[in-house]
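In the part that follows, the structures are each spelled out as structure tokens.
Consider the two complexes below, in which chain A is the common component and chain B and chain C are the respective partners.
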Partner chain A sequence: MNTSTNLSSLSRRSVLKSRGKVLKNNEIQKLPRVSRERLVHHFKATYRLDDDQIKVMIDSSARSMNAALAALYQALDENRDLSEIARLGHSIKGLLLNMGETQWAELARELEKAAAQGKQLDFRAIVANIHQGFEDVL
Partner chain B sequence: MTHQKILVVDDDPSQRLLLKMCLQKDNYSVTEAAHGAEAYTLLEKDPDIRLVVTDLDMPVMNGFDLIAKVRDSDLRYRYIIVLTSAEDKGSLLRALSSGADDYISKPVQPDEIRLRVEGGIRLLRLEIQEELIMSMAKLAEYRSDETGYHLERVQYYTRTLGRDLCEKHPELKITQQLAEEFSRVSPLHDIGKVAIPDSILHKPGKLSGEEFNIMKNHATIGGQLLKDIFTKTGSLYLKIAYQAAMYHHEKYNGKGYPTGLKGENIPVVARVVALADMYDAMTSERCYKKAFSHKAAKKIIVEERGEHLDPKMVDSFLAREKEWLSIRERFKDR
Partner chain C sequence: MKSLIVEDDLLSRMLLLSILSRFGECDTAENGKEAVFFVEKAINTGKPYDVMFLDIIMPVLGGQEALLQIRKIENHLGIKEPHCLKVIMVTAIEDFDNITRAFEGGHCEAYLTKPVKEAELIEHLHELELIE
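Showing the complex of A and B:
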């Protein structure tokens, strides 16, 4: 699987200014795939949820992720305004933070920020990257 | 046992679910809404929901509009906590200026949300205490002869005076916020009248010397009561209320009661309420007298400048005379 997508349109300056580590040298850094075990551990350790609650929470998060990714793909297919991409990026970032996936959330933050600033990144590549990272739990 | 109800507003079901699970662990009863419009409808229907945790970016009605709508409405006060990303300071400021009370940064941490919610509940309890105290003022009003809109008029006269003094007399250190506070506590100035016997309170004629001495006790009784609650709670507005109740019958020339304080030694709120109360007493009908015209009342107020009344208060009254008249007109007794 190609998890290192070239983002040639991203300027070096913006990369240097970026606080994140997930976009480096115009490439999306390879992030570990998300597993069910990792999510179980997060919801148990951070929120002290019991097994039944964790199952409900993971199912709900997966549904929300699917919906958010679908909305992003659709917005990109329809060439929607960048502010809409930023808004959807913001939503997906919140979801990822709740799931304890801070590095993936950082990638979503980069997407949100670039879209909000009107930068023409390869947004589709980022969305596809997140999608692939979560395939095992969706 | 009833549990505190909390409304969680977010367009994302998993975000709502996570918050719900966190809050239910602490025995809160959680209601959900997917956007601001749905939340507002729930708040209209259920006055027992006093605490709201809301996202900002939502379809149909966003969090900013929800906050503004709740604050603009006549609904009971709701404690509103906003969910926000730490980096989004602009949105946070906008939410707080719209009337949000607090915020939680995403991702939600269970301990943080518990503490923020507990803070909100503490504030709501204080507000309930305030409502109770204001109800006591209404009770005192029902018992006395001053039916109708006496408390409302005094409240508005006090606000008008406070605002004018804030602009013209910086040495008095009355801020706009303090002027509002004066107005808010003014209904409590006569609360001590609950302890005055009916035969004196409702006497349709002039009081004898002994009766007047008993009547004068209302200032000390009310003042002491409010001072005691202030000592127990530490709420600053109760200190201001105590000063208004205890000293609103003091005179600028030192010939008033209960302590004979003089001039600037009389707390400023008491000097403000003294004029507001005096004007309303003169221009209203009572069981022992007819209502004076505005012109007659104004004449007496001017004569009492520097005697009964602080000259600054009288000058402010004269400067804003039209506003006083329109308040009198607006809250006319039947």
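Showing the complex of A and C:
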């Protein structure tokens, strides 16, 4: 699977419209959108990094998130096995934890858990929700 | 200290690299297959790694499987404790089954959970006598 698709090179809104379902307010808990400032604060508070290293971490976060979202969208588009969705959910959960986004990681954990248990959730809506939450830093 | 980071996620690799590079040479691999290749090559060139940080769930070849292959290579080459590669598994929280499997097989020394915490990582390096 090609996980290197760079979503930032596309119109993110068009990607959301074409690939992700627009959520209804009562479907998934609304979480605060993630900002660059919030990520900078996390990396500064958690690790002993200089300004250049923090820039690297912000860039790496965006690249990792783009790759993780692209992989999930592709797996859903291709109706991959739920075990693959669970693996990708696990992967994005770890990424979100390292970004200090524990609430978003919890949402990813729900996706992973449901897929691992063979439950049919609206996985696309969850992925689109995460995508929307991180639009400002992608 | 020479270390190898095995992580499919770029951010995880960069975070570990930012910490471990303070203590010496540090290489990165993106999956278990690359890790096995790097470890074997390092042994064969006489400059083995002291420690490997190994993610468990990865594409191509997962951490558990990669670790089994590395232990087989060490066994085949007659490498025995305390000269075997020290391994710290890195995984997301709630992955206790995988952690337990790694410890039960006697194949790893410690584990870290994401988010990776600098103090915890350095404490493990002290415990394993990799740094003073």
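In this text, the second predicted complex is superposed on the first by the 112 of 138 C-alpha atoms of A that agree within 3 Å, B and C clash if a C-alpha of one lies under 4 Å from a C-alpha of the other, contacts with A are read in each partner's own complex, and residues count from 1 in each chain.
In this text, a residue touches a chain if its C-beta (ideal position, glycine included) is under 8 Å from a C-beta of that chain, and two chains touch if they have at least 3 such contacts.
Remember, it's a predicted structure, so these values are computed and weren't measured experimentally.
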| field | Superposed partners chain B and chain C on chain A - clash or fit | value | clash
| query | Taking the superposition as given, does A:Q132 touch the first partner, chain B, the second, chain C, both, or neither? | reply | neither
| task | For A:R63, decide between first (touching chain B), second (touching chain C), both and neither. | result | both
| message | For A:K93, using the defined touch cut-off, is the partner it touches chain B, chain C, both, or neither? Pick first, second, both or neither. | response | both
| said: In the overlaid three-chain picture, which partner chain does A:Q53 touch, first (chain B) or second (chain C), both, or neither? | reply: both
| Residues of chain A at both interfaces, chain B in one complex, chain C in the other | 46-49, 53, 56-57, 60-61, 63-64, 87, 90-91, 93-95, 97-98, 100, 109
| message | With touch defined as at the start, can you tell me which chain A residues reach chain C in the complex? | response | 1, 3, 46-49, 53, 56-57, 60-61, 63-64, 67-68, 87, 90-91, 93-95, 97-100, 109
| message | Which residues of chain B touch chain A once you look at their complex with the stated criterion? | response | 11-15, 17-18, 21-22, 25, 57, 85, 87, 106-110
| remark: Per the touch rule, the chain C residues reaching chain A in their complex are 8-15, 18-19, 55, 57, 59, 91-95, 114-118
| said: Touching residues of chain A toward chain B in the complex: what are they? | reply: 46-49, 53, 56-57, 60-61, 63-64, 87, 90-91, 93-95, 97-98, 100, 109
